[in-house]
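Structures for review follow.
Two complexes come next, and they have one chain in common, chain A, joined by chain B in the first and chain C in the second.
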Partner chain A sequence: MMLLSISSSVFEPGFFSSAPVHVALIVGAVVSVVSGVVGTFTVVRGQSFAGHSLADIGTAGGSAAYLIGITPLYGFLAMNLMAAGVMELIGIRRPRGRDLATGIVLGAALGLAALFLYLDTTSSSTTGATVNVLFGSIFTLPPGMVPVIAVLSLVAVGFMLVLYRPLILSSLSPDLAAARGVSVRPIGIGFLVALAIAVSLSAITIGAILSTALLIGPAAIALRLTKRTGHAIVTAAIVGIAATWLGILLAYDSYYWMPSNRAWPVSFIVVTLIFVFYLVVDLAVGRRARPRRSPMVPETG
Partner chain B sequence: MVRAVGRSSEILAVEGVSVSLSGREILHDVSFRVEGGEFIGLIGSNGAGKTTLLRVILGLVEPTSGQVLIAGKARSRRNPLIGYVPQKIGLDPDMPIRARDLVGLGLDGHRFGVPRPSARRNALIDEMLEAVDATRFAEDRVGNLSGGEQQRIMIAHALISRPRLLLLDEPLANLDIRSEQEVVALVARITAEQQVAVLISAHDMNPLLPVMDRVVYVAAGRVASGTTEEVVSTETLSQLYGHHVDVIHVNDRVLVVAGRENDVHHSVEPNSPRWSA
Partner chain C sequence: MFSPFMINAWEACTIIAIVAGVVGFFTVLRGSAFAAHALPNGAFAGAAAASLIGANAILGLGVFSLLGAFAIANLSRRARHDVATALAIVAMLGLGSLFLSMTTEYAPEIYSLLFGEVLGIGTNELLPAALIGAVCIAAILFLYRPLMLSSITPDTAEARGIKSHRMELAFLIVIALATTMAVPVVGTLLIFSLLISPAAAARSFTNKPATAMGLSVAFALGMVWLAIALSYTTNLPIGFYVGVLGAVTYAVGRGRAGWRPNRTVSPNQSEPTAPVDALIGPSR
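Now for the complex of A and B:
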């Protein structure tokens, strides 16, 4: 009886029978796994900025999709893949070129996003499209999208598993990888494709502006907890699932929290949970996991 | 130190290699040879062309003329006879890669898919870690290791696939003096044990003097090669640099210093060591 009352106060009425909740839980889990796998490599490769930029750039695609009446996921995906391609083309062969390329593409795409969001809002006289693009649409996804999301997820995760070793090697040193016969550039392009897919999936889940939090956050937490790539990937996926599921539950419950009967945005809750998880982990392992300092020596480069 | 073992065959021949990058000539008509098991120092100041020369040998840079032969055959990419330790490795302390994982990547890092641990693979990794005296920190993240410890791991990474020539690009840069000596001693010992020839680049030849068989000296894109006595002399290096330099011996250490502009040396004999230019 006691358990039942606790359970019913945690899970507000209708949580388990709601179809949108089912879709949200499935999509949240699948997207968290993709984000865990791709996010870990994004951090290992030092491309968090590229990931964040793809998310921002994708906003133009998502908002354009609303304007012409197609599913936003395809808009995000098309824009992100295009942007990844442009970044790769501009940024080749220069270590610092990658950042410059990202910055240039980013500026142009955000301009487009502003235009499309303006047109979305003025043409329909509502802010629905803007809210969905920026803050995600996990509770309003049509169930028919689930198979599409599943296939895209399999493609992204499959890419990462195939590229696993050469990707680590070329992250450590492109020269070393190339000397071992790794085709560094195609491998890097393959990673950008997986990153574009991961960011697109994350954008429809918790929104374009917060999607990097799901990509980088769980991976950053995992890197504090484990010292093996495989373990980090699994940990990141579990942390991501925990944050999205708990976020979905709390967002659903939040409808009953305040007298106005207005739910809190799920993306805000997910991102806050990830941040809280990170703080807890950082405090718990922070002291003993501090890197050992190597002896200071004068630079002789 | 004399390394008699396995010096029967030629492992590397650089023949008349010139390299121009974006219109600037980096290397000019460079030739030298490395016999099996030899320990060769590739000496020159920063920007002299050492890294470019190593990249040509690795097949990462195409020479504008000349050729590189590995064990008598034209060089190809992914040559299993060559092990390589690059100068810079992107190792962040957060990287979820243990020292032993990095050594394992030396076996199969170029292959697709996730690593499949096997008893044989683990045994090879353990043996290699033991050989470079790195068992103690094998389970630590590589990013958390000191510079000298990271060099040990990279040497193990390069040697685990049993190459016959080990290329090291400035492995002593940014090391404190003790680690410097340890790395030199380690490379000398392990390559002698495994009969691997070594081509090690450095801007200071002094840490390498006790172990080098021969020296390849790079200056202004040209090289002179031979024994240390032949190459590191006022005559040879003045000829190589194209202006007068003094070679000074102080307490078993060698210093190469620029001479005065008007103090041109006249007794240069071009044919004493092997010349490439």
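Now for the complex of A and C:
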């Protein structure tokens, strides 16, 4: 009896029978797994900026898609793959030039986003386009998107599995990898493609903010807890799923928290969960932390 | 184009371009592009909070961009810098989405906060912009030598007693101030273009820091003025032109660097090559 009352106060009425919640839980888990796999390498390779930028860059594609009336996901995907190509072309490989290359592409893409969003808001009455594209919501996802998302996730994870061994080596020590005959550049390009797919996927389903949070947060937490790449990937995926599901539950419940009966945004709740979890892990593990890094990106080579 | 209601726009953008050119030089030199993106973007939450409680947007932007600067500086003492920046930006954006959900702000207003609203600048906004801009430039001049040293050779700087994390925090605060000043005019997303592109292009033309800084300011001014003119004549958003002109400026710089046969092209090798002592003077 007590269990029942606890569970009914934790899971507000209708949580398990709501279709949007089902879709959100499934998509949240799928995106968390993909983000965990790709995110671990993103953190190890020091490409967080690229990972975050792609989420923003995708908005240019998403808003263009709104404009010509196709599914935003394809806009995100096309734009991100193109952007990843340009970043690679103008020098994402060099540690120091990397941030700059990313920044230049990001700046240009944001300019395009400014144009497309402007045209979106002036050409149609869908003023929600700006907010939708930039902030997204896991609850407004049409169920028809789930198969597409599943397929793309498989492609991204498949990419990572194929690249797995050489990617670990070339991420941890590019020089050693090159000496052993690993072709570092194609591996880097392959990773960037997987990153572009993963970020498009997460940005369109859960919004650009959550995309970065899920890509970097769980992976950063996992890498504080373990040094083994394989373990870190699994940990990151689990942390991601936990944060997303808990976030969805709390966002659903939050509808009843305030007298105004307005739900809190799920993005905010998930981001906060991840951030707090990171701080807790950081404090707990902090004492036996690895040597402090200098604020600059270390030069390799 | 130069009618009275446009004069404020020209003046405000000129101030912003000068500050962005100077601050941007160090942003590119230090490889702080991510922070230069994160602080304005995260400050967005501050503007949303300010509109929620009915405060001045500048106040909200200032508080949040400074918070962001401290968060990045503190988190990055125990984690990789890019990870710390990513965590700080998502935390701030998360707060922003919470504040946004509470307000009844219209989408066009959000849009202008993100991408800038040049036409709506009042004369009363010029003075704060000029003041904050002056503070930024004064701070950069004051910190010039230690900042230069810790940007180029952090180890040498440490050996001379310049704490690199303190320099980092100081520089992040300068970016935060520049953000606060620029966001109401050019938007959270496009101050970033102004910080990165002109300075990156300038470095392709010269190895001398002072010349590069001057060129960077010149490019920023050119970009902004052209953007206003184009935006005015075509009636399209200024953010679009700033973003695209930024990429063009950078491409011109890269083309120029590649065209000169006796120089290495890669941006990571175009550090000033003069001996450090010649650059920053003898140690005190």
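Convention: the second predicted complex is superposed on the first by the 274 of 301 C-alpha atoms of A that agree within 3 Å, B and C clash if a C-alpha of one lies under 4 Å from a C-alpha of the other, contacts with A are read in each partner's own complex, and residues count from 1 in each chain.
Keep in mind that, in the parts below, a residue touches a chain if its C-beta (ideal position, glycine included) is under 8 Å from a C-beta of that chain, and two chains touch if they have at least 3 such contacts.
Not measured: the values here are computed from a predicted model.
Q: Identify which of chain B and chain C touches the larger number of residues of chain A.
A: The partner with more contacted residues on chain A is C.
Q: Does the superposition put A:43 against chain B (first), chain C (second), both, or neither?
A: Both partners.
Q: Mind working out whether A:271 is in touch with chain B, chain C, both or neither, as first, second, both or neither?
A: In the superposition, A:271 contacts chain C only.
Q: So, does A:110 touch the first partner chain B, the second partner chain C, both, or neither?
A: Touch partner of A:110: chain C, not chain B.
Q: With both complexes overlaid on chain A, does A:168 touch chain B (first), chain C (second), both or neither?
A: first
Q: Pick one for A:231: touches chain B only (first), chain C only (second), both, or neither.
A: The first partner, chain B, only.
Q: Which of the two partners, first being chain B and second being chain C, lies in contact with A:100: first, second, both, or neither?
A: After superposing on A, A:100 lies in contact with chain C but is clear of chain B.
Q: Using the touch definition from the top, say if A:240 reaches chain B (first), chain C (second), both or neither.
A: Neither partner.
Q: On chain A, what residues does chain B touch that chain C touches as well?
A: 43, 46, 224, 292, 294-295, 297, 299
Q: Going by the contact rule at the top, pick out the chain C residues touching chain A in the complex.
A: 28, 30-34, 36-37, 76-83, 85-87, 89-91, 93-98, 100-102, 106-108, 110-111, 114-115, 151, 154, 164-165, 168, 187, 189-190, 192-193, 196-197, 200, 236-237, 239-244, 246-247, 250, 254, 266-268
Q: Hey, which residues of chain B end up touching chain A in the complex?
A: Listed in rising order, the residues are 46, 55, 58-60, 77-78, 82, 84, 86, 88-98, 101-102, 105, 108-115, 139-141, 143-147, 173-176, 203.
Q: For chain A, which residues are in contact with chain B within the complex?
A: Going by the criterion above, the answer is residues 40, 43-44, 46, 161-166, 168-169, 171-173, 175-182, 222-224, 226-232, 291-292, 294-295, 297, 299-301.
Q: Tell me, which parts of chain A touch chain C in their complex?
A: 43, 46-49, 51-53, 56, 90-91, 94-97, 99-100, 102-115, 117-118, 121, 127-131, 134-135, 207, 209-210, 212-213, 216-217, 220, 224, 262, 264-265, 267-268, 270-272, 274-275, 278, 282, 286, 289, 292-297, 299
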